[in-house]
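Take a look at the structures listed below.
Two complexes are shown next, each including chain A; its partner changes from chain B in the first to chain C in the second.
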Partner chain A sequence: MRLYLYCLSDELNADELNACAIQSVAGIAEAVPRMVDLGAIKAVVSDVQIQQVIVTKDNVLAHERVIDFVMAQTTPLPFRFGSVVTAAELQTYVASNEDRLLALLDRVRGAVEMSVKIIWDRDAVRSQRAETRSEGHLIGDHLIEGHLINAEGAGPGARFLLAKRQEIMGERDLKSRADEIASWLDEGLRGLVREKVIILNPADALVVSAAHLVERGRVAEYRERVNSLGRHRNDLRFLTSGAWPPYSFTRLRS
Partner chain B sequence: MLELETSELSLLETLDHVLSRGLVIAGEITISVADIDLIFVGLNVLLGSVETIHEVLGERDESGKPSLND
Partner chain C sequence: MELAREPTSVAEPEVETAHAEQFINELRRVTEALPDRINIDAEGLEQGLAKLVLTLIELIRRLLEKQAIRRLEAGDLSNEQVENLGLALMKLEQKMQELKGQFGLSDEDLNLDLGPVGRLI
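Showing the complex of A and B:
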């Protein structure tokens, strides 16, 4: 018998959880979720016979459904989908990381995760920046480390290097624009976000993926602020979602 | 502004969260992918553009389900 792991909490108690009828929530493989008492930390698990979990819509939703149920009571630390261990392994993990897990639970207490994804037209951004620099084409003079090089009169080697330089500058421009967008979002949400995890992908359409830890009581304010920010940027598209369990805020600090 | 109001997008966001984030007990996660379509659509939406989202969900919109706010 193995355990499928949903989440950890230091605020749950078995009576309250049972009173909320967690047994009526179908977990992975229709297994009934239950609480395992590990001292200061409790784990919500279900008994499974399997060693690995298949990614299906039903399984993914079952994982999220159980954690959402706990979220209604408190903010837990969610496990990643597919965590299957023995009872001994779970006990060892919690015992050896107890202080760090408790610190992490403190950090997310009373908060939820909100998500903002920002999509841009990368090619348009690149063209715009190239035009600004008048380097949309490999023509004209290029000042490189104090040497003035004319692309039209340059040999194949120099032209290759000029093209490479142009490509690198283009990538730097995209990175710079992505940084600007992330900073603008940060500034716009100042005072509303307890913690954040930002992933920048200047090379992709999905340029910013932001996860924000927001107090439960300020979620509506957060949504309104993001909506307001979005109305000011017609050049960007926004995909917002939440409230989520704090999936992005589970990194244990040493 | 694009809001997640459809169950399809909610599912894709759920996938994004539960598959790539959360506590991990080292070496204890082994998942296999049974529903290729689900992942394919997920990657398209999560890594693609808003236009892709409209393409993916266009047929569903025509069937009368809630459409995206834009």
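Showing the complex of A and C:
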């Protein structure tokens, strides 16, 4: 017998939780979730007969359903989908990481994860930037002074390098624009966000993926603020989602 | 210990966007780009290893290009050195294209998604 792990918490009462509605929440393979008391930390688990849980829509929804049930009461540390261990392994993991886990629980206490994703028109950004650079600047005065007069006069090797330089300058421009968008979002959400994790992908259409840790009582204000910011940027497309368990701020591994 | 009672309304996830289709397509593209597990059959293994090795070579090749551009910008290369360096990097790029073609790999295949760290290249 092995345990499928959903989440950890230090605010759940085992007797109360097991006795009430969590038993009506179907976990992985329809198993009834239960709580394991590990001292200061409790784990929400269900029994499984297998070593590996396959990624299916039903299984993923079951994982989220159980964590959402706990989320309705307190903010837990969610395990990633598919964490299966023995009871002894769980006990060892929690005992040897207790201080760190309690610190993580303090970090996310009373908060939820909200997400903002931003799509931009990368090709439009790239051509705007290219237009602002003159041909002379593209070749680079400091670059060719004393060596190459212009690209046409250069050999194939030098022309290859000049073309690569233009490509790299384009990438730098995109990175700089992506940084500007991230800073603008940061500034716009100032005071509303406890912590953030930002992933920038200047090479992709999905340029910003931001996860924010937001107080439970300020989620509506957060949504309104993001909507308001979006109304001022017709060049960008926004997707806001949440509240989610704080996956981006915990990263538990079984 | 008492069960903590916090507001429950925020626990219902909501998704808001005026451009659902575009986000779905983009997220699907990102998800599909995630590396598959290596299939342990002869052909799959060869393809997986080729992808891994070529990814590393591609990363080094791009670093060499960037280093060459930095030296170019610093102005410490003669015309001859610029030409030779450019030709060497051009041939390396051509060779990589050949190898990718032989193993049926595209540029996107070599740009591994490293999750929170972002893309490799």
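Simple rule for what comes next: the second predicted complex is superposed on the first by the 232 of 254 C-alpha atoms of A that agree within 3 Å, B and C clash if a C-alpha of one lies under 4 Å from a C-alpha of the other, contacts with A are read in each partner's own complex, and residues count from 1 in each chain.
Just so it is clear, contacts are C-beta pairs under 8 Å (C-beta built on N, C-alpha and C of every residue); 3 or more make two chains touch, one makes a residue touch a chain.
These numbers were taken from a predicted model, which means no experiment stands behind them.
Judged by the touch definition given at the top, the superposed model places A:Thr56 against chain B, while chain C stays out of reach. Of the two partner chains placed by the overlay, only chain C lies in contact with A:Ala203; chain B stays clear of it.
In the superposition on chain A, A:Glu11 makes contact with chain C only, while chain B stays out of contact range.
Within the superposed three-chain model, A:Trp244 lies in touch with chain B and with chain C [touch as defined at top]. Once the two complexes are laid over each other on the shared chain, residue contacts for A:Ala124 go to neither chain B nor chain C. Within the superposed three-chain model, A:Ala95 lies out of touch with both chain B and chain C [touch as defined at top]. When the two structures are aligned on the shared chain, A:Lys164 is found in touch with chain C, with no touch to chain B. Of the two partner chains placed around the shared chain by superposition, neither chain B nor chain C is touched by A:Ala103.
In the superposition on chain A, A:Asn227 makes contact with both chain B and chain C. The intersection of chain A residues touching chain B with those touching chain C, taken from the two complexes, comprises 117, 119, 204-206, 227, 237-241, 244.
Those residues of chain B that touch chain A in the shared complex are 1-4, 9-11, 13-15, 17-25, 28-35, 38-39, 46-50, 53. Across the interface of their complex, chain C is touched by residues 11-13, 16-17, 68, 71-75, 110, 112, 117, 119, 140, 142-143, 145-148, 154-161, 164-165, 168, 197, 199-201, 203-206, 216-217, 219, 223, 227, 237-244 of chain A. The residues of chain C lying in touch with chain A in their complex are 1-8, 10-20, 22-23, 26-27, 30, 65-66, 68-69, 72-73, 75, 77-79, 82-90, 116, 118-119. Here chain A touches chain B in the complex through residues 5, 8, 51-57, 60-61, 63-64, 77-85, 89-90, 93, 113, 115, 117, 119, 121, 204-206, 227, 230-231, 237-241, 244-245, 247-248, 250, going by the rule given at the top.
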